[in-house]
Amino acid sequence: MNEQATIKRKASDYKSEVKPVWCPGCGDYHVLLALTRMLAASGTPPEDVAVISGIGCSSRIPAYTNCYGFHGVHGRALALGTGLKIARPDLTVLVMSGDGDGFSIGGNHFLHACRRNVDLTYVVMDNQVYGMTKGQPSPTTDPEWDSALAPGGTGIRPFHPLVIALASGANFVARAFSGQPNETARILHEAVMHPGFSFVQVLSPCVTFRPEQAEWKSQVHPAPVEPTDDPARAARRIMTDDGFNIGILYRGDRPVLTARATRDPAPVETLERSFAT
Amino acid sequence: MGRQDDPAAFAATRGRDEDSVSLAILGSGGAGALTTGGLLLEAAARRGLYGMMTRSVGPQIRGGEAAAFLRLATRPVECMADRFDAVVAIDWRRADRFADEIALDAGSLLIGDPGKPGEGTRAGTEAPPPPALTRSGAAVVNVALSDLAATVPGGRENMVALGLAAGLIGLTAEELDGLIERRIGPKGADAVAASRAACALGLDEAGKLPRRFPLPLPADPRGQRWRITGNEATGLGAVEGGVRFAAAYPITPATEVLEWLAPALRKVGGVLVQAEDELASINMIIGASFGGVPAITATSGPGLALMIESLGLAVASEVPIVVVDVMRGGPSTGIPTKSEQSDLNIATLGCHGDAPHLVLAPLSVGDCRFTAGWAVHLAETLQCPAVLLSDQFLGQSSAVIAPPDPAVFATQRKTLPRTIEGYRRYELTQDCISPMALPGTAGGQYTADGLTHAESGLPSSKAGDHRNQLDKRQRKLLEAEYGSLWAEVEGEGDTVLLCWGSLTGAAREAAARLAAAGRPVRLVALRLIAPLKAEALAEVIGDRRVLVVEQTHSGQFLNYLRSAGLLAGAPRSLRRPGPLPIRPGEIEAAVMEWSQS
Amino acid sequence: MTETVEDRTDIAADIESVPELLAHALRIEEDAEERYLSLAEQMETHHNHEIARLFRWFAGHEAEHAQEIRERMACMPLPDIKPWDYKWQGAESPEAVDYAEVRYTISVREALELALAAEKRAFDFFGRIAAVAKDPEMRRWAAEFAEEEAEHVRLVEKEIARLGPEAPAPVEDPDPPNEPL
Amino acid sequence: MGRQDDPAAFAATRGRDEDSVSLAILGSGGAGALTTGGLLLEAAARRGLYGMMTRSVGPQIRGGEAAAFLRLATRPVECMADRFDAVVAIDWRRADRFADEIALDAGSLLIGDPGKPGEGTRAGTEAPPPPALTRSGAAVVNVALSDLAATVPGGRENMVALGLAAGLIGLTAEELDGLIERRIGPKGADAVAASRAACALGLDEAGKLPRRFPLPLPADPRGQRWRITGNEATGLGAVEGGVRFAAAYPITPATEVLEWLAPALRKVGGVLVQAEDELASINMIIGASFGGVPAITATSGPGLALMIESLGLAVASEVPIVVVDVMRGGPSTGIPTKSEQSDLNIATLGCHGDAPHLVLAPLSVGDCRFTAGWAVHLAETLQCPAVLLSDQFLGQSSAVIAPPDPAVFATQRKTLPRTIEGYRRYELTQDCISPMALPGTAGGQYTADGLTHAESGLPSSKAGDHRNQLDKRQRKLLEAEYGSLWAEVEGEGDTVLLCWGSLTGAAREAAARLAAAGRPVRLVALRLIAPLKAEALAEVIGDRRVLVVEQTHSGQFLNYLRSAGLLAGAPRSLRRPGPLPIRPGEIEAAVMEWSQS
Amino acid sequence: MNEQATIKRKASDYKSEVKPVWCPGCGDYHVLLALTRMLAASGTPPEDVAVISGIGCSSRIPAYTNCYGFHGVHGRALALGTGLKIARPDLTVLVMSGDGDGFSIGGNHFLHACRRNVDLTYVVMDNQVYGMTKGQPSPTTDPEWDSALAPGGTGIRPFHPLVIALASGANFVARAFSGQPNETARILHEAVMHPGFSFVQVLSPCVTFRPEQAEWKSQVHPAPVEPTDDPARAARRIMTDDGFNIGILYRGDRPVLTARATRDPAPVETLERSFAT
């Protein structure tokens, strides 16, 4: 279905008519921008792209694109995307989710998707808060952050998505910042091109519940070193960085899990044989 | 303890079934009872007999006590009999554990090795079988299996037992020799010779038994026979129905569906993926089916519970999937290795919100093939999840049957063939089926959503959109064409035996006996549980009185029928939770009793 | 804190006093008894009654042994040793049959051979202390225990000999899990 | 579109309610409509009036269009009225979005800023409110709120609107001044002065309105008033009932229960833990309760679906827990911010296996306090999970009421006080409650299990054990003492209005009007949904005809009642899914219509 | 409830009357032995200990002890144990599970329990297979292992529990081998004594479905270096070890999450105040 891949496309070809209901200033606008720019640059026809999400402000993104989309239930986007990609290897599958959706309720699928290494791209728009349910701490939230549900802070160590991705076997690991849509587009592009499971954490501020994240703009900086292909080294680097290193941090070359479909399938009737006595 | 829990008391009231013979083969830790049972079943199949074998085992993963329950017959059988003609015990050690499951009477034989008495039986003073079995009045026959086996170099007790059991039902040495050749052959000529010799000793012993139960040739001895379990048949039907993707998380007693599908799908160009949990497995199949590939998963109660949220997603987003629930004893972890029909509630009404979907139930081991195929067909054409309610009895029983019917339908998902202007995924159409664009179709792009949505698929909280989509999803099920497949309706009489799923075999047998006894009833066995064909059902019931038969504690089926406004006139309920099956004789007795009262 | 099993492979020699030695001796017998009982239960649960009886018989022996030691040291306060601070040479007290060596289809010969190996380990343990201990009284005790174990070894060897030379065919499991129906 | 979906058509058939006044305050993006509504509610409460406020917002997280719907009254009110007396629009911009929810008639006023017309209304040719509102015939009054506000330095439109609305219902400048002092005080004297001035302008404008709806003083003006939401009341009742542990996973519209509990539990020595998902939250509370600490979680449909497997575990292991389900529109993600009663199925029948448990429903915002406390009491004494079915309407409505009743019970879990010989955790006892040993009690050690177990708690697959425990768990619920609390039964008449949960307010109001109209009915509102007190219910129904009222699409409540064999004689069903509430007038009309037919 | 802690107890005091149904030769017998020896050495009265499990052969362990036990549902043991420990900090809580229970279906709770750092001990009896359901691959199974469900192997990278534990913030990480019951008892003892969340992976062979694991006995060896308190270093070590390093590998000192119960709780009536108008 890629016969039209040579047609030149614009980012706007990948945007739907639907107006986002995100708060003005929300980082997710930039992510949408980066995504559509990336897709336009790749030239993949929109109908060959599927954007799969869970529930959250960030997870609203599929309907804002002109691709096929699935706005599933909370936390299960990766599983849904995995099934789709294995069944339809011809599609470009992007799973896009939030830090609550992806790391809290969806944590198990994250672990196992990294291991499984199906050729899809997982983008988590991390604002360190549950935006949609109005401001509760997420796994990536600072332990001191005060909120109604956790007055005085949770006191719990934040989840480190990149380290977990590496430890579980993701084949490509990167961090982006929504405020740099072109750089984010580039990273997403590399992620999509890289075979196997690619994980991109996009720092995407929530202006409404975490206005202090306006600071991120001045805190991010390019990763000081080249991406490595040694997961242990990458993990060490990431574990000790300041959380604002932007760039591709790891590229692995583990074999990609494919459906191992038989080249010449047998007719269904042959299955009956084993039952005859 | 009511009569139902006391198999001996119960069996005493039942007669022998002339067309079939029922045997239990027992043994503890590695005695080979299951292997023996399997060989016997195979021998019977080769002769053109029909049959069924279930098994019961201790909680040990291996090496525990085991029982193979066989029923072999000259006509098709779909349930176990009321009573056993004979028990063959390779040893009696933990035979007590199976006493609940083995109904015996004075006409039965208890055959076993006196050197291996039941635990706690006092040597010398008591017969070797445990009192729980002997108090039925069954005749005890001592056969020193282990001494006999010892006379053959490399001979084993279970082979002697095989010969004994074979002789008991009238199989010949030739039939057994052929079987042994095929099954033991790979282990070498010595092993074959030893097995044959041991088997021959058993056959000799059978000649000395006080009673035997030889089966004549079946009506169609040359007919083809399949040996198949319900779990295998389910897998087969699903693949025939078009399934090419499966996601798996193992659970007893559904695992064999998945283990059968793994190589089978690969063969026909499909794929099975092992998921990390049931939340993942159902979402994987939703994803695959969204991509256009018919997809299935199989689980049991606990797994279905975990899938419930996403089952609702498939309802709302109108993605066809099939979820097989091979039911086991509940609630919670319950009794994983025993059958029950108690997932009816969750399967029909388990979702939050109003989430109508398909629920189907196979009516026999062989019917698992047809009903699985039909489930795929309905799910695909109605763009709706289907739950297939099989159970441990159907799933794990090994049946010898004529090749069962496949489901042959021109299954075609209503897809969007080509670009149209202003495509709306959830369009309100005449038949309530909205054309579904598959990824890759240019111009069909939409976002599937579990949020209440407008026809376009975009989220909406408008009352009209909510109601329209609820109406559409309800109506597409209610107005679909199910033909006469929604139930098996058989016979005439002033009473309806109303059942579903795996109890059909027992009910059908009861109906046959009642008819023979001049007390005919109408059998109504539901294959389509939801949507409930309430009007059609009311019609086939007419003004007959109704006996609802089910294997639950609370009467889930009865309540479900009543919730539809059916059965207003005092129906009776014959029900019992697992693990013991409801036997045909119990159903027969319940009808007779009602007639008398 | 951080020492590990391997570090201690040869530390039987580190036993420093008679009470410590006795504590080890007692533990050895108690563990062996407990292990045989547990194995007997396993065999009963899995219906290998012949071996169950054999293990119970061994357990009885070990129990007697333990009782003897207890009586002999009635007035001697023994040190309280954490399970992991015993100075065995292997992972476990020497006379305990390793759980991992046992299958439910185990034959009499195999069971006896396991017991024999266990007795030999115990003999080696005491024998080594008898050889290297500095304290003469320790040596005396150790030698005595070693002799008792040697007695056991002979006993078991005799039983094995009684089985005759030909090795019985390994018992296979005719009801393996996943036996197709 | 039926009458039910057309609020204007509907309102036209209803009269004004003399004891209450209903206002909608609208605004878009940051206009302050909700704040204004809240202040008005508070002012009314201070005067000793009763009232209720609900809100409706766009899909935006903030800055979207918002509406505050208020009903203020001289007597307690538990539902919104059939129609609105007035709409006060700070701007009309997206007022069309709320048209469904605002029933108006020719007696209503549409008051708003002409400078901020509705989207799509053509300036000059049309009135500023959107046609969806004006076609009711309501009188349009233009008040240039923003021009007025501009005349006061620091003045804001919503304060002018506050004054206007206050004047409309007869509040005085003094009352408003006090309110502003308290609420704006912390922002400094200037702010207070600006607000007062703006408010005064609004009050002045009110004087010029063609119509006003002043409320007299209530019967008990000195009575204490609480301003509370159902979610808060639920938290309060739970803590009063003894809960000291909560596990939380946020979800709309249940989050406020959790957010209220977090600091409250800490204050009284308890604790709330945020879980990673709902699977964890329910297991955390099972763990805490196993340890002896009464425990709760709150969620909505999707979360309840995820908890279903472990709800069954709590049933089987007999661990008391309370799960609050604040229902929203379903299925799947549905309409998170709107109310529906469609989780009745999953709450009552959602578990796999036969898993009887408690299901309760508060009957009003205030009753959330009592029913939550009662739920804790029942769960603890019956060692059983309780699902509390609240909903978005109850949970998120802000009510001004007299302090509601707390649930005062001598709640005491039947524990094992001291070591006894041969303790059996799941002993079959007279009252079917087995004493529960709490960890730390020497001699009480046992292993709680979700596997079918014997009295000891050890796994068993015996038919007798299975049935005994199933019987016990069913009977302990059926035979427990619920007194008259299981339902509110009010009034006499030949018709029963049968409802549950949050619809009670509307049904009660309908009943009152019908009585006043000389057509009295009996109201039966179920607080205890499961176990269903079927006999008692049949008795209070007698031979009256029954109108079942519920907010579902498929008639879940009706079906549930019928499944118990109730309502054999053709009941009628008045039902509708969310998002629009069922109004008292609709119920009244349905009864009247039935009477005429 | 610790007043009896000075009574000397034997391992058998912690064993129940219930006979295990594990296959003879199963590593889990050794784990039970190690557990009871450890408890006896600690002297904690059995009634003050709770053993919480999920579903699996390994998860049958609670009923074999004489402690309080909970045999919950598949995969949720950690959540249940967390609730219990927070509500009843006086108890010693051990959560014991299998590789399927703990790493497949229970993976998310593992991640978040590590982060949360409640003072409990998590023991996973890892046999790299689903024993109870008769031999399917688990997350720790070798990708080449042939089975009915995955003919020819899964082709999926095994899950690395210790690395994940470290990456998610476990406060104590160790590996034990069931065939060394005393060493295992020692490690469990240290794990229980260590404040916060302790994770112990116990290699525990399945003789029935993975008979080749009999080899483990000769493959295990003590960890060649001291435990570290640097998670990055520990992770690097573990990522590159052979999977058979036995011993305590990491000890952290992150603050333990406690209930933060108020010392003097206010009467419940005070909660009413906020509602008065």
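Labels A, B, C, D and E are assigned to the chains in the order they are written; within every chain, residues are numbered from 1.
The criterion applied here is as follows: a residue touches a chain if its C-beta (ideal position, glycine included) is under 8 Å from a C-beta of that chain, and two chains touch if they have at least 3 such contacts.
Keep in mind the model is a prediction, meaning the values are calculated, not measured.
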Chain E reached from chain D - shortest hop count over touching chains: 1
Labels of chains that are neighbours to chain A and to chain D: B, E
Chain whose average C-alpha position is farthest from chain A's own: C
Chains linked by the largest number of contacting C-beta pairs: B-D
Most remote chain, CA-based centroid, reference being chain D: C
Distance from the mean Cα position of chain C to that of chain A, given in whole angstrom: 57
Rounded Å distance, chain B centre to chain D centre (Cα mean): 44
Separation of mean Cα positions, chain E and chain A [Å, integer]: 31
Approximate Å spacing (C-alpha centroids) for the pair chain B, chain E: 37
Per-residue multi-chain contacts in chain D, two or more chains: 59, 266, 276-277, 279, 302, 309, 313, 317, 332-333, 449-451, 459
Multi-partner residues of chain E (at least 2 other chains): 21-24, 71, 73, 75, 104-105, 107-108, 111-112, 134, 139, 148, 208, 260
Shared-contact residues (touching 2 or more other chains) in chain C: 45-46, 104, 177
Pairs of chains, among all present, that meet the touch criterion: A-B, A-D, A-E, B-C, B-D, B-E, C-E, D-E
Residue ranges of chain E in contact with chain C within the complex: 8, 11-12, 19-27, 29-30, 33, 37-38, 40-41, 134-135, 148, 178-183, 185-186, 189-190, 205, 207-209, 214, 217, 221-223, 226-227, 246-248
Contact footprint of chain E on chain A as seen in their complex: 104-108, 111-112, 115-117, 139, 155-160, 163-164, 166-169, 231-232, 235-236, 239-240, 254-255, 257, 260
Chain B-touching residues of chain D, taken from the complex the two chains share: 1, 5, 59, 100, 279, 301-302, 304-306, 308-309, 312-313, 315-317, 327, 329-338, 340, 342-343, 345-346, 348-356, 449-452, 459, 461-464, 466-467, 470-471, 474, 552-554, 556, 559-560, 562-565, 568, 576-580
Chain D residues within the chain E interface of the complex: 42, 45-46, 224-228, 232, 236, 239-240, 244-245, 247, 264, 266-271, 273, 275-277, 279-281, 283-293, 295, 309-310, 313, 317, 400, 403, 437, 439-451, 457-459
Contact footprint of chain C on chain B as seen in their complex: 27-35, 38, 53, 55, 60-66, 91, 93-94, 154, 156, 158, 229, 396-398
